[in-house]
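Same chain, two partners: chain A is paired with chain B first, then with chain C.
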Partner chain A sequence: MSIPVGHYQYDPIDRDFLQARIAEFEGQVQRRLDGTLSEDEFKPLRLMNGLYLQLHAYMLRVAIPYGILDSRQLRKLGEIARRYDRDYGHFTTRQNIQFNWIRLEDTPAILRELAEVDMHAIQTSGNCIRNVTADEYAGAAADELVDPRVHAEILRQWSTLHPEFTFLPRKFKIAISGSPNDRVAARFHDIGILARPGADGAPVFRIFVGGGLGRTPIIGEELFDSVREEHLLATLEAILRVYNARGRRDNIYKARIKILVQAIGVEAYREAVEAELAQMDLERYRLTPEAVAAIRSRFAVPQLEAPADADAVLAQQRRDDPLFDRWVRSNTHVHRDPGHIIATVSLKPAGGIPGDATSAQIARLADLADAYSFGEIRITHLQNVVLGHVRKDRLRDLWLGLSEVGLAEANIGLIGDIVACPGLDYCALANARSIPIAQKLGARFADTALQAEIGALRINISGCINACGHHHAGHIGLLGVDKRGEEFFQLTVGGRAENGAAIGTILGAALPEDETVDAIARLVDCYLGRRESGETFLDTLTRLGHEPFREAAYETV
Partner chain B sequence: MKRPVRLEPGQKLVLTANRLLDGRTVWWCADGTWNLHIGCAALLDADEAEALLSRASEQAQRDGVVGVYDTAVQAVVPPEPVTVREKIRAHGPTVHPEFAVETEQ
Partner chain C sequence: MKLFELGERTAQVHDVLVTLAELAERDDARAVLLESADDPALLKPYLNRLDLVVLRFPGFRDGRGFTQARELREYLRFSGEIRAEGHILPDQAAFLRRCGVDSVVLPKDGNGDPALWEKQLRQFPVAYQRSVLPERSVGPGLRVEEVS
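For the complex of A and B:
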């Protein structure tokens, strides 16, 4: 395979830029070490290069643009985990990877290694436009209307080091999907974009603004229903300009675009954007069909060829092997090509750490991607990994390969597929540990038959109000709070990030850590006892209201 | 700026920071060095801590540490931090017993 499929191909200009940037950062690190730069001076510089200082060490966040990697890049991430970290990496809800045990003096060398495979850590922190996220099934799903990666790449190029937007009032997150089934949590982003084909075949974009989680969770509001492709960049530029000029800079908790949209109202925001557009040089920002085609041509397309009986082979294998069948049920999605299928690899082993992968697992995933999916890997916003184009008749071989490295858990979208932030085990901002609760819940519901019986149920855990674990968007959400130095968890129910986005409702007073898992088990029992045929947890919750669940959670035996 | 320190009976203060080179959590010892192990941390009374804290902060660059602050511990051997956060800093992430700071040289 000469050029990897799935992501944009860098050219020499991109590579020279990365090298210059690393040299600059290396100089900054040197000056920090010799004392020329104080910590206060150095901190914003290291953050611009993805380097945080956490509880036990530096943490490096590496960007995975729109979540897509090739096997060479993934292998490199595994090597970095082995050489510079403690043999593992953590995949995040923003489709990035974090290394938890990084040495400051190693960072320039790590960035050089990343640059060898066209990767970097730019825009993973700071008050800039962050890494753009996209649908993890992009270019593969049968239900997709527009492949969002081409426009995600256009947005990446537009936003990278955008001189006007390097010092926004606060961080800025954009997600884009081209499917009617929102798989990017579009309404929980500063800007969420849903693409669909327009009348003339060129895509049009529905744009939401002002969504977000954190201490003030807000569902994004529709700013425009149908922005034409040629005006996409101008429109985004205008939205950002209004925010940059009018967003609050006096109070970090009120600085996100969501607060501005709430303060002035979405109509006033729209008027401000339209006024900005009216005085902009639209020609300068016009996204021409030629420009789009040029970007599209930098994406290699997989040659999807499968034997005529691929589907029949898979069907037979599923009948022969109930364990495999269960995995196929939960961990695959329909591909646009009838001979292929999308496989999601769960990084949520029962009792394990959500989103963590060892360097050995990372290396094996790269090999399996080469063997079964054109060397292409996607990281999902739910901390799992997708192999997008697997031939149906080879799916079982892939599953066997995954089993060998403990990556064949059959729980995608089920109660074991828990999203959790690093929490107090690593994070300097945390109130409580997220991972141990996730591990206990994972172990409690380890039985995959039970998980299948429970059905679609998403648990999201954040260790503090910053909501990196998206607890507001969990069907069941857990928020860590600190009561006099002890860990407590506040429970929410009814949140969802998919279509019909909703913010979870707080059930009642926060529970002590050691009572939380039992309370959730009682919630689940309440649902199992009272659901009607075919209902999911959310269906039953909607039908019955919160009261029975509140009673179940707080019942003390 | 400095918040008033209220120590319960049996508690003392220790000074802590992160090492500049690798970010690791370190504790200030009576011999003036910074150590990975809380076992060697100097146990301080509130007024003692205040003076040492400002001196340690001034010397941070020379000593290769960042973000010096004080935190309360139970004055036992080895001293045990009062808050969950500082316990985790002292002993390492609870989810990786193999990384326990105690087992490091």
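For the complex of A and C:
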């Protein structure tokens, strides 16, 4: 079997490990059924293996480490959707996939099927180090300094069943990027890591700590500017050791690392980490160049060969076909190789459910990945899919193939590219339904020409204060609130997760569900009417301040 | 009280078990009980005379004991016995052992079946990160197995 492009290739020992993990989980299910494990004891154990109990059924969250999978794995996910779920899967903002209608007794079988293709649900939930996320354009983007995937894989391995950090005060999310353009929301993670090349060829890492969304949104603070590769794991161990020992355990709403960092201050946190490092046997924790090279050698590199006229062919096709041209403009990104391009497949059809894909679409994506992108697929933190290495002269064929299964929506980064949490349709904690409002907004702005005219604008929707839909980080954010049993939405504007991360500010009183879409349309009209040439929504908002937008949103007709 | 040994060190029974606060007063104490909020560094002056440190887990989800055990082994170079007691699960056996814990007080309910603890210790052939135990690489990369 050839090595898949894009992610670490398992060997027999890794596969034995997965089987052992499944056997362990099966034993835990058995002990729950025979009563030796109480429900309180079983719950954290099943969560650590990705199994949630939602409103109506179990949900299984499958890990897609650093968001990358191969076509064989994607096909398997499609089969699982068909056989064990209601024929669809939901891609999440943490680059994973969720199956929403799972039966407890099917889970060991599903886990075994996943293991056939080297996949699992390990640490996709629970108070442990969660599946590590990375830049969706890793190893492909022209603007990248360091390919973060090798180190993302190192972090995946290091954090897997970590003996010390599996019973943390709260969940712990790490993201890593190697581009100056932050595409991982590094400063909204418990630990955000930005890699750049060091003087000796090995990368160095800038480390942010204590970011997060949820009910207390906080932008992560820089802990270290330049951690050397050999000390990466030691530094992470030290950060987590301080958190594990001192993070609050009396109140789950105050248990994230961000609360500890805020309580003692980032300087004190840094001193505490340095005190750990001073006592640690650094040799023991050293990440050696040999270990890094060994892991790197298990990643296949795509052979990027394109005809000399690939660029010219694409340019001509764009001139000939304005619809295709519009899609290229919104849904592609510059590749490091001039004959190739990065294509993003939108899972946000107008009026559809953000991030959902049917088993037929999943299977088709796998075929298209084989045909056009070395069999490699990436899931983005905005719930879309990326084919990372498409030859420019073949891009139009890919687009035609996507059109056949309703996946050629030209709206990446535009107002239709909405991020929404599961909300009250699935989630027991919800105040409001996130999905229907996302669908209504998608339908309202369905016209892709209008979307292109509006330009860069991100809408994020959360059904409650837990902020799974990242509403704080949306250019326009919607937060579901409950007012005497009615669904209302609170609007925020000015959030961003990209460079210059910011938390959105509340525009005013929450609006009833049926007035929210109109209010957002007025916000957008306000921007369109008042923008100066070349300005994005955020630019105009920054220049004019909130007041005109507040007036527009609350103007009653 | 039923003890289960996670490793090679034989579990010792001590008649006198004191708290961290009592340790200074009791010259005869060879065993101390740490609550999960206690800082193991405070044991430094007494390490030479201590044979046993008991870590109490108030609930199995409270993972502070794992860090306490590692601090005792890695920073304080404690070479006596470390024991875990309280609400612990067999599912944690290998984690405890890899952090330097030698023995556990078996829970009195269904989680106290020694066969479950035994099985869990042997559940995983390899690990993906270093621990306090003697280990050798089974690369590629970070993977290790214990040297017995």
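As a working rule, the second predicted complex is superposed on the first by the 549 of 557 C-alpha atoms of A that agree within 3 Å, B and C clash if a C-alpha of one lies under 4 Å from a C-alpha of the other, contacts with A are read in each partner's own complex, and residues count from 1 in each chain.
Basically, contacts are C-beta pairs under 8 Å (C-beta built on N, C-alpha and C of every residue); 3 or more make two chains touch, one makes a residue touch a chain.
Bear in mind that the values here come from a model prediction, so they are computed numbers and not experimental data.
Novice: On the A-aligned overlay, A:439 touches which partner chain: chain B = first, chain C = second, or both, or neither?
Specialist: first
Novice: Figure out whether A:202 sits in contact with chain B (first) or chain C (second), or with both, or with neither.
Specialist: neither
Novice: Touch check for A:35: first (chain B), second (chain C), both, or neither?
Specialist: Touch partners of A:35: chain B and chain C.
Novice: Please indicate which partner A:264 is in contact with in the superposed arrangement: first for chain B, second for chain C, both, or neither.
Specialist: Neither partner.
Novice: Tell me which partner A:297 touches in the superposition: chain B (first), chain C (second), both or neither.
Specialist: A:297 sits against chain C, while chain B stays out of touch.
Novice: For A:102, decide between first (touching chain B), second (touching chain C), both and neither.
Specialist: The answer is first: A:102 touches chain B but not chain C.
Novice: Going by the contact rule stated at the top, is it chain B or chain C that touches a larger number of residues on chain A?
Specialist: Result: the larger residue contact count on chain A belongs to C.
Novice: Which holds for A:424: it touches chain B only (first), chain C only (second), both, or neither?
Specialist: So A:424 only meets chain B here.
Novice: Which parts of chain A are touched by chain B and by chain C alike?
Specialist: 35
Novice: Can you name the residues of chain B that touch chain A in the complex?
Specialist: That would be residues 18, 20-25, 60-62, 66-67, 82-85, 88-89, 92-96, 99 of chain B.
Novice: Using the touch definition from the top, list the residues of chain A that touch chain C in their complex.
Specialist: Contacts found on chain A: 11, 13, 16-17, 20-21, 23-24, 27-28, 31, 35-37, 41, 44-45, 127, 154, 157-168, 233, 241, 244-245, 249, 279-281, 284-285, 291-292, 294-295, 297-298.
Novice: Under the touch definition given earlier, write down the residues of chain A that touch chain B in their complex.
Specialist: 32-33, 35, 38-39, 53-58, 86, 102-105, 353, 424-426, 430, 432-433, 435-436, 439, 482, 485-487
Novice: For the complex, give me every residue of chain C touching chain A.
Specialist: 60-64, 66-68, 70, 74-75, 89, 91-92, 94-96, 98-99, 109-111, 113, 116, 119-120, 123-131, 138-143
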